[in-house]
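The next block holds one structure in the form of structure tokens; read it before the comments.
In order of appearance the chains are A, B and C, and numbering begins at 1 in each one.
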Amino acid sequence: MRRYFGRKLLVYGLTFFVAVTVNWLIPRFMPGDPVQSMLSRANVSQPAAVEAMRLHYTSMFGFDQPLWRQYLNFWGALLRGDLGISIWLFPTPVTDVIVRAVPYTLGLLVPAILLSWVAGNRFGAFAARRRWLDNSVLPLGYVLTATPYMWLAILLAWALGIVAGIFPVAGAYSFAMRPELSWAFAGSLLQHWFLPFASLFLVAFGGWAIGMRNMIIYELEADYVTYLRSLGAPGRLVRRYAFRNAILPQITGLALQLGVLVAGALVTEIVFSYPGLGHLILQAVQNQDFFLLQGTFLFIVLGVLVANFVVDVAYVLVDPRTRAGMGGAA
Amino acid sequence: MSLTVTGLRVHYRTLRGDVKALDGVTFSVADGEIMGLAGESGSGKSTLGKSLIRLDGRMRHVGGTVELDGVTLPIGDDAAMNAHRFREVSLVPQYAMSALNPTRRIGRMVSELLASRGAGPETAELERRLELVGLSRDVLDRYPGELSGGMRQRVVMVISTLLDPSLLIADEVTSALDVSTQRAVARTLREFRDRGLVKSMIVVTHDIALVHQIADTITVMYAGRLAEKAPAEALVTAPRHPYTRMLISSLPEAGVRHEDRRLAGIPGAPPSLLDPPAGCRFRDRCPLAFARCAEQPPFAEVAPGHHVACWKAE
Amino acid sequence: MTTTPAVTEETPVPAVRREALHFALRNGKLVAGLVVVVVFLAAAVVGPMTISYGPNDYVGPAMAAPSGEYWFGTTMFGQDVFAQFVYGLRSTFLVGVLGGGLAALIGMAVGFTAGYRGGLVDEVLNMITNIVLVLPALVVLLVANAYLGVRSIGVQALFIGLTSWPWAARAIRAQTFSLRSRDFVDLARLSGVRTPRIIVREIAPNMSSYLFMTFILLFGGAVLVAASLDFIGLGPTQGVSLGLMLNNAARWSALQLGMWWWFVPPGAGITAVVGALYVMNVGLDEVFNPKLREM
């Protein structure tokens, strides 16, 4: 088990290292001069900021220094939590902008991932039991997973928000309100949260249901199932065992899908102008705010790595084979 | 009479039509008898073994009856058959090494299985029997992955016989083992019978030499039908059916493992079971064939306990 | 999310092919999926030829609902949505084939090498695969694309290919691993056949159906990622794509204006093509994997 976690942590450590390095490399080796384009853009919108920007750049990147020195400086700034200054929200530090947005993204993502995973697995296992259900649910599930997140979000916003007028379609709370601890505000939050959550949930749900259905069908062909059935074990016991074994690859699948789910959350936020990381990315792209973009990138990578580690721990808790040092399927 | 099979017909559904894997099989197994069931692959021996406990998805019970201790087994009805499985008919499968749920401790799996069949947890008896096959009780606290293949197979043998079934089917239990382990398994099976844990047993195998060590009687199948059934010694030393004779003479010296290959000594191949020819199915390959072989010979008793399906076996 | 079919047993090849074809023609999922994909492919190929103007030309009245003249209506600026749709489909297929194809090539190269060689090579490749696997692809693509002044479908596909191969490499590695010790591979090795040749001649053909299904999934994945990129505003700077149409519709408040014809077709097109491919894949799985066949 130590070996298992050791390997995982090594991979995550290396991944973070690679991510930071890529982050450092991209602006330097891409065609064009991003610094200049950024400054010239800032020049138009924030004339006062340009000189400060230039100074900040020089101190942070130190273009006059050798490359390795620049690279180390980059790491140094990163470790101090300094991701630069946002141009879009000049002069707020990027870290602050991100920290303000993160709760919204987590508030959407965590419930959507967990609930869709649990519900999708239950439903997929249930669908695998009946042929008619299987034959109608399966294509529906595939259509759901094939749906671009933002399109489902747009459809929901249009149908339930604009046409039916049940839900608001923009922001995280009513524009007439200020954040405060009150029932009215909480209600507004919930109301604004529902549609983005629902569209994330639905697409992910289709994927989990299909994955589970396929896994269960393979498990029901396994030798231990044939043996149990030969000994007259009732379907209930057989299905319980099959579910338990099929859930393991689904946990691994959860780790594999994290990136896709995060991407889904980003575009969904954009549709609903939900003030999370996706919204920041859109603003960063539109305002050519590369500091903000890269900071968000690092933040997301870090989040995904942490989530992966949580999934690894969950896997060990569920699969006895990893605990007994037999390797298991991870 | 422990087991009586009469005119059993089981077909396999395939794209090109029904494969008549069992085409009128009649025999009986006495109380306390260990019957070896031998034949080439495709002879129907595995189908027969499965038919007695659980037909797989593509098999269909077409005709004939199976009676165990005077009760007819509903072999074509998967749900009704459940009541008889494990308690009266049980199985040590060919895939015994992978027959245990990899994510359950063995002890817990056994108690859940027993509970699901309405049998109490028989912990003391279970431990006694594990000891019988040379395993300590702490295998119950282990996951299957922590045991060796041989240990897993022994665990399966213990589980399968836990409710003292009347009939145990052992399907190719030795094919994945080395010679010394094969002998140990053979000894264990006999011991189970001797101690009365199972009343009678059918050992399905392609290995006549090995089954000779375990079985009291041996039945040889050919192309979906029985060719010969006789006491083990008689079948090996004085076979009457020309197919059995060729099978025995093509064996390497006794005790050496005989692979499941096409018999080099017998030219030709078994007929297709999609649309088998009338009459004796061995006649195209048989050196003794004559005009009458166009008619199916009965599975007749030519000596006490010795049945042969051949016109020339008198 | 993906099915992981097992490599089928070895039986004589012509018999397998005949049987596979028999099941393929009777498999409703495969046939239905294929029909949908072919219809959309035909629209993507033929559609633009029947339209005399470009997808971004201002040809009609602004904000017109679908009519006999403009089947899918027009945009805020009087562009023909149908023209954008068929041109956009082209981009979708193109990015799928290029991006998915590149990912499949990398996945195969890494998977075959790691699975066949084993040992240290495997360790290193496995580590690289895991690293790329954990990195959230879309976010990497965002950063890379944001710095590109001029973006094209080709470059987009290149980046997508470079980031989406890891799971395919893993799956192919596992399959190769199980084929490596088979008799026919041993035989080839013993008769002195060189490694690349063994992989191309002995291993790859034995899992061709699996490779094809992997490509389909990568294709679908590439299309979805490209759509997200386009939607965020990092799509090709010239031309049209379905994701870009969604981006424009959202940006110009098509929702609030009730211009459903602007945002429904592009999303429906993506969903239909990718969904049909996925359903087709289940069908293929059932055809090639005898255990899943319904008798």
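Here, contacts are C-beta pairs under 8 Å (C-beta built on N, C-alpha and C of every residue); 3 or more make two chains touch, one makes a residue touch a chain.
Remember, it's a predicted structure, so these values are computed and weren't measured experimentally.
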{"item": "Chain closest to the assembly centre - both centres taken as Cα means", "value": "C"}
{"item": "Chain whose average C-alpha position is farthest from subunit A's own", "value": "B"}
{"item": "By count of C-beta pairs in contact, the leading pair of chains", "value": "A-C"}
{"item": "Chain centre separation in whole Å, for subunit B relative to subunit A (CA means)", "value": "55"}
{"item": "Whole-Å gap separating subunit A and subunit C, where each centre is the average of the chain's CA atoms", "value": "22"}
{"item": "Inter-centroid spacing, subunit C versus subunit B (mean Cα positions, whole Å)", "value": "50"}
{"item": "Set of subunit A residues in contact with two or more other chains", "value": "none"}
{"item": "Contact set on subunit A toward subunit C in their complex", "value": "11-12, 14-15, 18-19, 22-23, 26-27, 30-32, 34, 37, 138-139, 142-143, 145-152, 154-155, 157-158, 161-162, 169, 207-208, 210-211, 214, 217-218, 221, 253, 256-260, 262-263, 266-267, 270-271, 281-282, 284-286, 290, 293-294, 296-297, 300-301, 304-305, 308"}
{"item": "Contact footprint of subunit A on subunit B as seen in their complex", "value": "53-54, 56, 81-87, 90-91, 93, 95, 98-105, 112-113, 116-117, 143, 145-146, 156, 159-160"}
{"item": "Subunit A residues touching subunit B - in the complex, by the definition given at the top", "value": "222-224, 226-234, 236-237, 241, 244-245, 248, 319-321, 324, 326"}
{"item": "Subunit A partner contacts - residues on subunit C that touch it in the complex", "value": "1-4, 29, 127, 130-131, 133-140, 142-144, 146-149, 167, 220, 224-225, 227-228, 231-234, 243, 246, 249-250, 255-256, 258, 260, 263-264, 266-268, 270-275, 277-279, 282, 291-292"}
